[in-house]
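Paired with chain B in one complex and with chain C in the other, chain A is shared by the two complexes that follow.
Entry: the complex of A and B
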């Protein structure tokens, strides 16, 4: 049995003397203006929005992996499910939905339901490898359903092109890349605040206790399976929200979104930044997408480097960057969060 | 649907099953010993297929020399991966998921290297002249080579069964499987044996790749695609049980063959994953397994 010391990821000991998020938000809000000074503002905006959406996706993965300690290799099911909900509602059913808000809400709802299914399956299995396989199988099955298209709504391997993106809440125009940037920024910020509240609540503490020692947590009276299912449902909500945003961002969706590498990406983004923290996935996603854009541009062989990152991370830095940075700046031995990543 | 069609699909199912069984046996012995799922297994299968393709088409070496060559290369690479990476993680007291991620990273890098060397265009391997042509069995005419694959897979499984049950080395390996600490106390060199078994598993994957080349074609994605089905086979078969692996391999092979015939290729795959989910939920120890399939 591993020691059951709870890391200080809940911020009980790690305190910031400055409101670090104020300058961060200011910088993020100013970014489109900065981008517009360069010659390729559209591209930079596109990448920035992509980073924010995938950061939301990575944070949703972190709830399951970093907090609840279950390794899901099927997180693409949430992203892809959300994207396809958006695609089907706007393009395939003839509903003529002009606004993105109801679609986003529907995708989130879908994520909660799918999260329940996945959580139900995963919570029945004690072994981390079994959880890995069953989540993987769920994502794979969903992807195959989309490909097989038995209901004639997912248009098989063609994907769904031309997803409209006009307004949010019938007022805010998000047709332009910059408008969409601000909407995504607000959604990401609100999600961050919500997830922070969730993870710092007694519920979040219970998840950590289950992660550290499932058996002891159950002795303390926690219904382990209920908490695990709830973790998946929370994760599914934000994961599918990110999926719908992806569909609106790309204005299309294709079956590749269920690819197993997409699930793997969530893991890498989270672990690079620091699993078990909410800021970690943001940091990790930013680094990985920028690296992907730069390296992919220079070497045209991103997957090779991705594999090396997998190996290097898991061997030498399973705790992630953010805990290391924190430990450096707080000079507090207790706040050193090395190995906050689940050891399972 | 007539009897010819049915028996033809049955034979197809058995041929596919033979390849699944070969591959799954390598996976399942590693899973039994180390409790990890080697996600690089598909990579070794693909590498074996490319080694076979190159040796047959580019050099004069015969098909028969390819089998040991692919085995040697894949076994050495696999043993190297175990000795350098996985063993280190075990020493650092990391969990199994970390080891799985390590093999995954290795597989991704390896696949890119293969793409770099051989390109991404699918290739096909030619057959040795003795195995060309077809044979008449009852109502159907069937390719000789496919029959050979079934026979070869069967003999490898018999050899493995003899190894694990009747040789001193095999029994030592099983003792590690049952109780690693007790076995080490009695003087077994568990890390060395673990490396050897890992290499044996990946070597068999390489051989399976050579065999599958002429049937399924050779392309860089063949490994990852098959890996998913293999997961189902080993879970269905139960932990480290070779007999269980054979039974589940045949079952999955037939499900895919009949499913493809009656419904479609995609539907057959969905069926396979559905089977996997149901079994994980209701019988995590597998159909024939004694202990838990995965711990």
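Entry: the complex of A and C
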């Protein structure tokens, strides 16, 4: 059976069948049909798309945090930057851009450039606290720029409403929630495959080496700062892509997207699912958004429960849920997954 | 792993069984729309308020006001014999969450009406959506005038708060009394800059030879106003206009008095709970009051304020009054229209004169853009044995419409069609 290796947060290797993706994708593809049985299919599609976009955002954070081992508290800069690229290009410059494809590409490009800036600053700092502060400052600066609106293109605190969402590539209609759902599903899947390829490449191995011991990696001949900058650029590309998708999803953007709580969300989704796994952020995001919907519907102060979940997570599952589930499942002899991780 | 450990470990089947059970148990309540869980006969009101996040103090007050209004309606038998079911959601002071919960209320819970929301950015995101879904939304706490201008104005959106332009008329009364030299201090964002522009215009129209000796726009939520206050003190103004909101409202006034700034202070709006945080430094200042719990023009307001105090343990502030009135705007129209159908209710709201509201002896929405036309009180802050800080009315304007775009020139005509 085909299998792939997946590094978990402890640097252990876990192997699982790639065929698991087939039923998972089939389930995701069938979800809109299941939702259509309810009386509020559009809303359920909306929530599902929200999960997928935020999962892409969390996965982009995982590249910097889980793989490169740098804790960024400014990841919202990518999400917000991508959203504002979409808002400004479609609404503020008087350009007649009706299609989302050039906007998504522009947002991705913006993310790469911003990633270079953030990576350039962060890679020159040895202290994790300094990295945290610098990345936080980049996001805050962008947020303040948007609020001050010196170029008269961001609409300050009002944000940019009415972002059009009609087609992708001038052919695929994405006006409906279902149409947009499938487009986001495809983008998420392709992004996952691309990120997986990147993390399994020699480049990914070098990032892991830097994460484990920056000094030793440099002694081995790796140009650590270059790798770290590249990690931020890859992360920025996918983070800003998620940002542009957010703007199209909600058809608006506003300055609080640069808030450090939004950066914190990426961290929570990633750590809950399992940092350094790519699939973990996807799982963590799904759990958090569904919990927000379900618990928030029963208790108004659902954030209290979020706090409890987070404390429980740090205390009992520091590696995250996904590695834990993988480890559990691989104890089952009938499972098609095999755990090759060393046992304690 | 020992046999005992293996038994204790959660295997895949147990995990799936437990997970499915938990999901069904918890999710069933969520998956079913509230319409199934409640009675069909109820009128469902969706309320979006910031119960957490930076504007949570405002949002919580607003939510309390909304709840009190609904409770009082239900205690008096409901609307045309139907009870109101309040479905309250937390926007977390975030646009994306505000938009998501609005969609949940409309699509899943099938609410008849929407109310609430403080932040203009959330309202701007919601406006096209409620237009598409043809759901009435009475926005009870956003003052930004852009909301009733094209392309944002629409048939289903009603702006219950007074115009940001109108509110600045309150500077005229103190300006006539205290002197000509004025300094302006407001938050560095759209609303802050807008109200300073409007206030300067109001000032010049009341006192044509008034002199503007300076203006500053500190960042929203600034913690240290000392550098600005030093500049203000050097300019020696007769009056200082403060257009700062939230925590900055408290800090700027408190620090001004601590640094010995003796000039007259005029605040753009009255916030009772924040005034208590400032202390006696606020006494003697002037302000624009939108809601007063002991409003002599509306004796009913005190009765409602007492009821609020009894249920929530503190006196209602401006946001509570606005939230309460937003609910009344909807349900007095429903009562009069005799139906919850959207079109008849909109037509009633556009044509009806609300009387004896807790904010204003009379109140109406302009048909052209759904901007509320209501009373403005210019007041002086006094010490009060009941409310700690009270208001003495200096000027009462029943329906000020200065600076509002004439109804025939709003440009909203095409947006207001069904």
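In this text, the second predicted complex is superposed on the first by the 314 of 344 C-alpha atoms of A that agree within 3 Å, B and C clash if a C-alpha of one lies under 4 Å from a C-alpha of the other, contacts with A are read in each partner's own complex, and residues count from 1 in each chain.
In the analysis below, a residue touches a chain if its C-beta (ideal position, glycine included) is under 8 Å from a C-beta of that chain, and two chains touch if they have at least 3 such contacts.
Since this is a predicted model, take the numbers as computed values, not measurements.
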Which superposed partner A:310 touches (first chain B, second chain C, both, neither): first
Touched partner set for A:297, first chain B, second chain C, both or neither: second
Contacts of A:318 with chain B and chain C, given as first, second, both or neither: first
Partner chain in contact with A:125 - chain B first, chain C second, else both or neither: first
Partner chain in contact with A:165 - chain B first, chain C second, else both or neither: neither
Contacts of A:147 with chain B and chain C, given as first, second, both or neither: both
Contacts of A:246 with chain B and chain C, given as first, second, both or neither: second
Partner chain(s) touched by A:134 [first = chain B, second = chain C, both, neither]: first
Common interface residues of chain A - those touching chain B in one complex and chain C in the other: 144, 147-148, 301, 303
Chain A-touching residues of chain B, taken from the complex the two chains share: 35-37, 85, 88-89, 93-98, 100-102, 104-113, 116, 224, 228, 231-232, 235, 264, 266-267, 269-270, 273-274, 276-277, 280-281, 284, 292-295
Interfacial residue positions of chain A with respect to chain C in the complex: 38-40, 42-43, 46-47, 50, 144, 147-148, 155-159, 161-162, 246, 250-257, 259, 293-298, 300-303, 325, 328-329, 331-332, 335
Chain B partner contacts - residues on chain A that touch it in the complex: 71, 121, 124-125, 127-130, 132-134, 136-138, 140-141, 144-145, 147-148, 260, 264, 267, 301, 303-304, 306-311, 314-315, 318, 342-344
For the chain C and chain A complex, residues of the former touching the latter: 1, 6, 9-12, 15, 26-27, 29-31, 33, 35, 51-52, 88, 90, 92-96, 99-100, 103-104, 107-108, 110, 120-122, 124-125, 127-128, 144, 146, 151-152, 188-191, 219-220
